[in-house]
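Chain lettering (A, B, C and D) follows the sequence in which the chains are written, and residue indices restart at 1 in each chain.
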Amino acid sequence: MFGNTFGRCFRVTTFGESHGPALGLVIDGCPAGLLLSESDIQPELDKRRPGQSELTTKRSEADRVEILSGVFEGRTTGMPIAMIVRNKDVDSSSYDAIKDLIRPGHADLGYMEKFGFRDHRGGGRSSGRETVCRVAAGAVAKKLLDMKGIRVYAHVTSIYDVIATDMGLDDVINNTYTNPVRCADLSAAKKMEEAIIAAKSEGDSLGGTVEAIALGVPAGLGAPVFGKLDADLASALMGIGAVKGVEIGLGFESARLRGSVMNDEYYLDEGVIKTRTNYAGGIVGGISSGMPVVCTVAVKPTPSVSKPQNTVNIVTKKESVIEIKGRHDPSIVPRIVPVVESMISLVLVDHMIMSGRIGPDRV
Amino acid sequence: MFGNTFGRCFRVTTFGESHGPALGLVIDGCPAGLLLSESDIQPELDKRRPGQSELTTKRSEADRVEILSGVFEGRTTGMPIAMIVRNKDVDSSSYDAIKDLIRPGHADLGYMEKFGFRDHRGGGRSSGRETVCRVAAGAVAKKLLDMKGIRVYAHVTSIYDVIATDMGLDDVINNTYTNPVRCADLSAAKKMEEAIIAAKSEGDSLGGTVEAIALGVPAGLGAPVFGKLDADLASALMGIGAVKGVEIGLGFESARLRGSVMNDEYYLDEGVIKTRTNYAGGIVGGISSGMPVVCTVAVKPTPSVSKPQNTVNIVTKKESVIEIKGRHDPSIVPRIVPVVESMISLVLVDHMIMSGRIGPDRV
Amino acid sequence: MFGNTFGRCFRVTTFGESHGPALGLVIDGCPAGLLLSESDIQPELDKRRPGQSELTTKRSEADRVEILSGVFEGRTTGMPIAMIVRNKDVDSSSYDAIKDLIRPGHADLGYMEKFGFRDHRGGGRSSGRETVCRVAAGAVAKKLLDMKGIRVYAHVTSIYDVIATDMGLDDVINNTYTNPVRCADLSAAKKMEEAIIAAKSEGDSLGGTVEAIALGVPAGLGAPVFGKLDADLASALMGIGAVKGVEIGLGFESARLRGSVMNDEYYLDEGVIKTRTNYAGGIVGGISSGMPVVCTVAVKPTPSVSKPQNTVNIVTKKESVIEIKGRHDPSIVPRIVPVVESMISLVLVDHMIMSGRIGPDRV
Amino acid sequence: MFGNTFGRCFRVTTFGESHGPALGLVIDGCPAGLLLSESDIQPELDKRRPGQSELTTKRSEADRVEILSGVFEGRTTGMPIAMIVRNKDVDSSSYDAIKDLIRPGHADLGYMEKFGFRDHRGGGRSSGRETVCRVAAGAVAKKLLDMKGIRVYAHVTSIYDVIATDMGLDDVINNTYTNPVRCADLSAAKKMEEAIIAAKSEGDSLGGTVEAIALGVPAGLGAPVFGKLDADLASALMGIGAVKGVEIGLGFESARLRGSVMNDEYYLDEGVIKTRTNYAGGIVGGISSGMPVVCTVAVKPTPSVSKPQNTVNIVTKKESVIEIKGRHDPSIVPRIVPVVESMISLVLVDHMIMSGRIGPDRV
């Protein structure tokens, strides 16, 4: 229970399995009056859609979204916005062969222990395909944030041992979606692409890191104790499949610093209180400071690899070897970029509503 | 709103300010029948109590806890358990001098933007002193977990540039609370202590890292989408003041690995499905695997340093210099150890109840 | 916000408007392993489906339900169960003429004040048509309750001035759905039907009362303070459109009694503690007693009447007269019967899960 | 679980037992900046304080409230407001004699089935004494509502067979708290008092009804589906111990009316849209209309009566006779009046915050 809804005020409930009839979501808490149509959602879905390059699964899904409720004459009504995306290119055959084998690095074992029963086809509910719903919800969140001048940008900063140069914000904004790796450093992007293709050819996969920056976040979002903005971001980001680490600002580097270095000193910039450095990543004591919010996530390599792996057959209770033949991404990192943007947008819009900066009933 | 309650089923609400009359908490959702008295809580509070070594603030608080409700004839009744700890050694004088200066690295600016008003004495609600409530709640959670064979151990793995050797579990269990740094590697502990005292003498502070291990966590806790166990842990840990990064298992190292290496392969150990490695840190796809749950947090250096720092006076709106004279820890890392244990315990007991492994009404 | 989800553990989120593309719902928190298909849902929807007699709106909707997720090989998976019902017979023409006139007895005015904007077609989100979602959710709840021997029966006890004789339980079970009024007293049913048709022919509408009985509810559901079973039932029932009063057991009659009369005395019936009377309606101090749960609701007459009524044009801000020509039920009371059963079932299944009597993860 | 917190945004958690060390509450979600001190709370507590007339229990409690947190320099800080009231006049002796006997009309049986264990002294957590916490929370809610021109008045409209004349609002405001019965009709109040004293002398108790009126409630509070204002009121009111029925507006009378009569027609009163009648009780379709909110509750007679009653000993599992000697009110109706006001105030302030009419962070 409690496992399929995200958010406190802007609440997103997702549903659907990888090989079921459809995936979908319901947003409850979107204020009335926002201009919204499928054409606002589709471009965001297209950013994570599979089958667009050699780097992604060959599953071909148009991911056409249909809005079922909550919009009237082109505007949101304040009532739940439901959307669905029908699954089209479902091929469960390769999964049937391994349905009793626990896939290393996947939720299979814990899932069986919990529910005693699972839809094994394409990972069922645990599939990365579920993120299509998060991105659809994120598209609505982004529209609301945009009205308040808040924008969220994510980009790949490393794949395996290829580390991107620290680029300026303009490059992040302009370059990220021009290459299949979603990296702002175009020369690194090329090397990352090659590394992924090489790993793929060996039946293997690669991890990486994604950084995200939110601009225009006003000071005062969050709370001092349990409703911390960074705690909510950590939950949102660690809740993306394959993410194993989350940092705010300098993150783990801050553990190796002195207070006199780590503290961002304040100054006045034409009457506005700012900090010269932003080591805190825009969040201090759980509350936004008005500086850009910066966070980084570590993404593990795709657990589905075609190389043989040792495992156990959960039915026969015998040790076995598994070779995963289903369609999957040799690196999930590039496709996580729009998901990271969406989850951060969901957290921010939730806090904007919670703090009264976006009206609960009307935009 | 929503900022002072933690948990879904085992819900902890904390209250109180650093220099107010008392701090306290209410636990709602603790099943009936658990043996409980103040003598179960006090030893845990003593682990984080200030004034025990040169490494901590000189504020002297006995932190005596009083249970006000929910216990009858030595057992919990299923009704809310309220506890309070009166503040005794309150000295607000040093704070009055700087009440209009925004302390770098503290929540002051965001707090003022949010509430327009704050109890500035000793950090008010944002004080680390609030964690006394989390540790009291954690003590109850630990008792419940103990009945199910689950134990949580945290220990300091680095302070600034002093990195502890990777010790075995026995050393973690036996050594951690024998030294003021809370480090299992006793020789590193000595160096860490010296480093902290040196920083203190310079009016500075140090960060570090804390690792935690939960043993006995059954497979099947968590959920595949938004109720992931690791997402909840990330929220709980990032929600501790001064924490800037959270890792599960290998964390950021996993971003630099290949899938064939990162995946923990399964085997049978006398009929039980286990993995030989535990790079995942006991959580795969958001659900516990039955292996030990392992996580690491990055703790920034205490933001209160006595060295002069540039800042702004929020009332006069003029730039200024601040020197913080209040009593504070030169490194918060050692005192975070019992807080980390408590927050992890709260997450685990919540999931044990959510999954029906601990009865909702009775132990 | 918070307005479209019902339940704590068994959580139902509904969406959709009367004249939009579809209505639907998501159930989160249904344990895995329950046999479920559309054929379990459809018969319940048919009980409330319009167009089945002269007593209901002429809108003709087959109300075909499609399950989109959460079911695999005929069993629930523990994941969200989404269902949709497409709207077919949409005719908004009669609503366009009165879209700026506030309909007396409807939510129009408050809705406009809240959202500033509304889908006026057929009442939009405020339409009784939304209850198709509650009944679909109720069908799942009923299946779960049935496994534990709990059954819920509702029936009409009065329409306007026609009051049914107090029938035995067998008549309630056998007769209710054999007549269009949903009354267990067949001779009263005839008179009720005539009264409704007479009112309809005058362009008017009638109110009435519905009683519900839940059998097999175990003692111990509910909580002593805010999670009272009767408080949850009151919320569920008052939350049905047109309901203006809720009673548990003797309800308002209890206000005119002495304690020595009202108290249900206990005795032993073959070792089981029971009460001879059940004036309390099976709930004492907020917790079920093991006796049948009995409640009654007052349903106001359908506010849509074709008789002319004084009102105000919200756009021109001028007084006006409205005559409502849309298709509507001359008495909503009969069609509320399955909705009452559904809402009670949702409350009971929620409490069965909350108390651990139905497993949170698996049936 | 979930049983001790009320409200969504303005959340009140209460704790404490009748004969424990203290009762108390935590309010989370009160905006910062509200002037607040114990002197705002105490007068409200005094309205429900026992021992003030022959009509109430002889237990003598000063009910002195202490604020422990969330207030600084006389203003709320936005952080949790905790308050406690120590129990003073505890006498558990009369309860020890009957601790194994299930008291008719009390929660005892269900409580034991649920928790297997209970604090039997004075009803423990199920005691009406818990309402001291609701009234304390209500006092804060009332202060917030008062700033927006909203006032809530409750008064006794009947005791047993004595029914008050329908008085004007002025009499309700001026007369209610001038007599121990809390009745606006002073001549009926006299008769009610006599009836209660007569019942008491016979070892019996009486029920009654309480009406409440909320003035100044703006149109637009509530929601069309599950967050209905009347559903929330019903939950709040049915959640008061001894309440067995709740009506909004005409309530059960509406079931005996025609739509053309029940509908409140709209007109313009100096540009403001109003209704001439207010049969709906200020709530239509779940949303406030701007007219006064009116509701009525049925209160059963106090279940504690000293007359002998048949019951069962839950330990020996034998039938027995019980005579209740503890101190209790011969009619709980008068003392419920401030509790009704408080619960309605809590619901209204919650909806005012939810709709953005009261700021979430600051007044």
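Note that in this section contacts are C-beta pairs under 8 Å (C-beta built on N, C-alpha and C of every residue); 3 or more make two chains touch, one makes a residue touch a chain.
Note that the structure is predicted; figures quoted are calculated from it, not measured.
Across the two interfaces under comparison, B-D and A-D, the one joined by more C-beta contacts turns out to be B-D. Our note on geometry: chain B versus chain D, Cα centroid distance of 39 Å, whole angstroms. For this pair, chain A with chain B, the centres built from the Cα atoms lie 27 Å apart. Our note on geometry: chain A versus chain D, Cα centroid distance of 46 Å, whole angstroms. Residue positions of chain B touching 2 or more other chains, listed in rising order: 1-5, 14, 79, 114, 124-125, 220, 224, 354-355, 360-361. The touch graph of the protein chains shown is complete. On the chain A side of its complex with chain C, the touching residues are 1-5, 9-11, 13-17, 20-24, 26, 28-29, 32-33, 66-70, 72, 75, 77-82, 84, 114-119, 124-125, 353, 360-362.
Those residues of chain A lying in contact with chain D across their complex are 79, 220, 224, 354-356, 359-361. Only residues 1-6, 8, 14, 102, 104-111, 113-114, 124-126, 130, 158, 160-161, 199, 203-209, 218-228, 230-239, 241, 244-268, 271, 273, 275, 280-281, 283-290, 298-305, 307, 309-312, 314, 317-319, 354-355 of chain A touch chain B when the two sit together in their complex.
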